[in-house]
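Scrolling down, you'll hit the structures one after another.
Heads up, the next two complexes both have subunit A, just with different partners, subunit B and then subunit C.
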Partner chain A sequence: MAKQLSAIVANELRVLIRERTFILLLGVFLLMTLFSSYIGWTTKTTILAIYKASVLSLQHAGVTQIPPNPFIGIPALAIFRNMIIYIFLIGSLMAIVMGHRAFIRERKSRVIQLIFSKPVEKKTFILGKIIGITIALFSIVLITFLISVISSYFIPHQQLSLLETEKLALFYFVSFFYMLIFAMIGLWAAIVFDTESLALLVPVIVWIAVTFIFPELTTGQNPVALLNPTNIAVVTPTGPFFTLMHTALAPISIEQQYTALAQSLLETQKQFQSLPLSTTIIKNASSVLLLLLYYLLVMVLSFYAFVRYAVTNDKIYE
Partner chain B sequence: MNTNNPVIETKSLSHSYNSHNALDNLDLEVYEGEIFGFLGHNGAGKTTTINILTTLMQPSSGTATVAGYDTVKQSMQVRQQIGYLPENVTFYNNLTAFENLSFFARLSGVHDVRKHIEEVLDFLDFHGIENKKLGEFSKGMRQRIGIAQAIIHEPKILFLDEPTSGLDPLGIKNLREIIIRLNKEKHLTIFMNTHLLSEVAKTCTSIGVLNHGKLIYKDTLDNTLRRFPSEVSLEEIYVQMEIKSAW
Partner chain C sequence: MHSYGMPSPMTKSMNNRAVWIIAKKEYSDAIKNVLFVTLVVFLLFLTAVSLLVAGFNFQSQVAQYNAAIAQLHALGQTGAVLEKPQYFPLQMLRGTIEYLEIIGAIIGIILGYISIAKEKGNNTLQLLLSRPVSKLSFIFGKILGNSLLLASLLGLIVLFIMIAITGVGHVVFLPLELVKLFLAFIFSYIYLMFFYSLSALLSLLFKNLPNALIVGFVIWLLIVLVIPQIGDTMDPDNQIPGGFFNSMHMTKTQQQGVITKFKTYETLRNALEESSVEKHYERLAFATLGIKTMYNDKNLSVIFQDKWGDLVWIIGYYTGGILLSFAVFSNKRILERTT
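== the complex of A and B ==
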């Protein structure tokens, strides 16, 4: 079984890396990571240049009380806050495509019939797929983390401390789990739906609901505004509907729990700054558990959907 | 090298999709060393039979054994003994021929994968294609890769579902030669679903005719041609059988 499992995992990675759609999304995602640092760097250098010019101008004007440097007190991690948006918008979509392609290609090409004419257990196959997707996504997130760390060294006076590097690593690890949930939804849909388009459409609708509809229901705020990672904690509107929705749904909203966790790890708000890693995790334990729970739920769903999948009775062949 | 050992045996094998009976009490024996041609019109139940025999599907009732193993209770043992090439399979187009074959060999538990791939491609006289992607292959070349993956673990029985479907005349001729060589040189028993009666006449040693899920005829090809001396071709014999069955 171990040899078959490793063959399925290796094959999944090999095939995935040669798929155009995936490569395109991966390229955009990695480029945006690089841009995230670049945007942080240009913002900082521009503001610093303006600040220095303003200081000179004020000094020439004889002003003695010079306002402090705006970057004092802003954590180095703040330059990566845009990554939260990229995870929501590109990372999750890329994960859906990964999960979707992981099974739809075998169904469409009828390779699935060849595979199960070999002495392969269904459980081994689906486990191999899940491990393959997990390794691929973890590798992508690891590369993204390295890009962020390396690029931070090129930003003057913004080098990451050890604690900040640990927090950044944990942010990416949490983001990996967040994306993995969408990858599993993509895989589940690829198993249960009869057409390729429906198998892609359903996870995309779930993604839209999670990213835009659910947060709007619980906060009453514009969904695009909600994506803004610089938002101070979202204030619940005062209507009874939104109060009820916020109380009932916010604790189970995957997007809001991930945002809360990501914001505290990237220190986007003052109260999170310089908090030890353990304190940050403990304060957000419920969000961590919720992400883990969602992941386990969709993974188990995918697993059992595949165990029930009938290899020869697939309407996608027609 | 036909022997009297049935390597494929079905008893009262039935399968229904909703209310439609795809297979109706099929009793069939295929003997070791045979090239068995399974004939029948579209929807006769040929693919359902092959799906059950290759363990991809479970019958509604009845039993089937392949190489002495029950297809339901001992499906993994059955899969060790068989090779299968379904109709219209397209493989992993982005992978090379070697990568495709290597994957299926590893799934089959083959140890020295490279050696086996070289041997199989050599047997099929298929050289210089190992590093080419399957997306660049013609239908005929894909079928040869299909045969290669089916025999890479040295099975005893080979199942082919409409293997000549979509092939040009040269491709059909090449495949026919491969099937005969596999039977003679590798001593494989071959179970083949097909529409092409001319191919059955040139390739198979025995035939079975399925009509609406029922086996209406089974015998060796030689006996069949002797039994219908007035008919000039297998096509005519087949038409006669279908007409008799309809009555």
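== the complex of A and C ==
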């Protein structure tokens, strides 16, 4: 079994890096990781200069009571805050495509029938797929972490401390689990649907519901407004309807739990700054558990969907 | 196998009957397509969600205002300094427009994909090209059918909005508001048709059709979500909740004076936003519907005086997409290679 398992995992990784569409998404994701540091840095530098220019303008107008600089003490990690949004948008979509392609490929080429004409167990096969996707996604997240760390060393006055590097590493580890959930949804849909485009569209609809509908219902914010990291840092529901929705849905909203955790780790607000890693984890223990729970749920769902999948009668339409 | 029942004789010019037959086939195929129907139902659900959220948001504003007035009265003050929230039905459509930007564009992509994929997947494209139907008729038939389809979809959404706001909210639209609503949905049609033509173009270019769909999604992600998001997060005024310049208590003139000193940064940020068709559509729709408050209750001439550039951009994207699709479809070598 171990030999078969490693062969399936190795094949999954080998085929994945030959897929042009996956490479395209990966390229966009890695580029945006690099951009994220640059955007964060250039925005930070500009707003500090704008504050100075604003002070001069106010002094010139005769204003004596100048408001204090709201940007003082911005933590070094805050320049990566856009990554939270890129994980929602690009990372999750890339993960869906990974999960989708992992199984659709075999179904379309009818390799699946060939594989199961040999003494291969269904459980071994699906486990191999899951491990392959997990390793591939972990490698991608590791690369993005390294890009972020290396890019921070090239930005003046932006060197990360040991605690900040640990927090950044944990942020990427949490993001890895978040993306893995979507990869498993993509895999599950590729197993259960008979139409290739529907198998891709259903996880995309789930992704839209998680990324836009849940946060809108629990905060009352418009969908696009929640793509701004400044807005998501401060949204609080107002009125009885949104308070009720927030109470009922926020604890089970994967996006909101991930956001809360990511914001603490990237110190997007002053109250999170310099908190020890253990305190940050303990404070967000429920979010960590929820992410793990969702991951286990969709993984088990994919596993059993494949166990029940009829290999010989399989038909797939475009 | 798809049967079009094409008329004879063979012609290279556009044949109105052929165009109409293809258009009707496009329409009937799409409304039977489970992908399309799923997305339409989803978009209607999102329209309902966005109207519900807008309604509850307005209720919260009124409740906050009443609470503040009661507090001021208790302190012996009049509360005249507070501005009472005004209900403008078109301003309730912000969420709907944003969902049209996101899901509407996906519907356009799916339609463009279905439109070409069904011909390529069933090998009816070669069959069609061997029949007496010109490429111009074929393309126009496809565009007409999908235009009618998107117009029906947008008509359904407008009807839904009117029932929700007039029927449930008991608010009557003024004639100018109805005209503005109609115009906003014409802009939505142009925007959606751009994504249709983009996806049709990709489906014509790719031999592996699902890859065309994935590439379509990647372009959608960049145009609709990522590029506008970068522009938005780089906005100096968006760096703190409530706005940086508000926190500094600066007048509009003072703000502009400061911003002009950072021209390169602002030009770069604006160029990013300008490169996205979604931003042009949003600016145009928000101004027309008065969601951008400075245009609320303004005449159309005032709005178009400011926003004609955005209108030109979205029409340009739409025309460009259609022309490119036609150019690819007319290229025999590309067609042979990808079919």
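Here is the rule we go by: the second predicted complex is superposed on the first by the 281 of 318 C-alpha atoms of A that agree within 3 Å, B and C clash if a C-alpha of one lies under 4 Å from a C-alpha of the other, contacts with A are read in each partner's own complex, and residues count from 1 in each chain.
Basically, a residue touches a chain if its C-beta (ideal position, glycine included) is under 8 Å from a C-beta of that chain, and two chains touch if they have at least 3 such contacts.
These numbers were taken from a predicted model, which means no experiment stands behind them.
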If you stack the two complexes on chain A, which partner ends up touching A:18: first (subunit B), second (subunit C), both, or neither? first
One more residue to check, A:217. First (subunit B), second (subunit C), both or neither? second
Looking at A:115 after the superposition, I want to know if it touches subunit B, subunit C, both of them or none. Which is it: first, second, both, neither? first
Considering only the touch criterion stated at the top, classify A:57 as touching first (subunit B), second (subunit C), both, or neither. second
Contacts of A:192 with subunit B and subunit C, given as first, second, both or neither: neither
Return the chain, subunit B or subunit C, that is in touch with more residues of subunit A. C
May I ask you to decide whether A:312 touches subunit B, subunit C, both, or neither, giving the answer as first, second, both or neither? first
Check the residue A:3 against both partner chains and state whether it touches subunit B (first), subunit C (second), both, or neither. first
Looking at A:46, would you say it contacts subunit B, subunit C, both, or neither? Reply first, second, both or neither. second
Applying the document's contact rule, which stretches of subunit B touch subunit A when the two form their complex? 17, 51, 54-57, 76, 79-80, 82-86, 88-95, 99, 103-104, 106-109, 149, 153, 159
Within their complex, subunit A touches subunit C through residues 20-21, 24-25, 28, 32, 35, 39, 42-43, 46-47, 49-51, 53-54, 57-58, 61, 63, 67, 70-71, 82, 85-86, 89-90, 93, 97, 104, 195-198, 200-201, 204-205, 208, 212-213, 216-217, 220, 222-224, 227-231, 233-234, 238-239, 241-242, 318
Inside the complex, what are the residues of subunit A that reach subunit B? 3-4, 6-8, 11, 14-15, 18-19, 105, 109-111, 113-121, 310-313
In the complex with subunit A, residue positions of subunit C that touch it: 34-35, 38-39, 42, 46, 49-50, 53, 56-57, 59-60, 63-64, 94-95, 98-99, 101-103, 106, 110, 113, 117, 121, 209-211, 213-215, 217-218, 221-222, 225-226, 228-230, 232-234, 236, 238-241, 244-245, 247-250, 254, 257-259, 261-262, 265
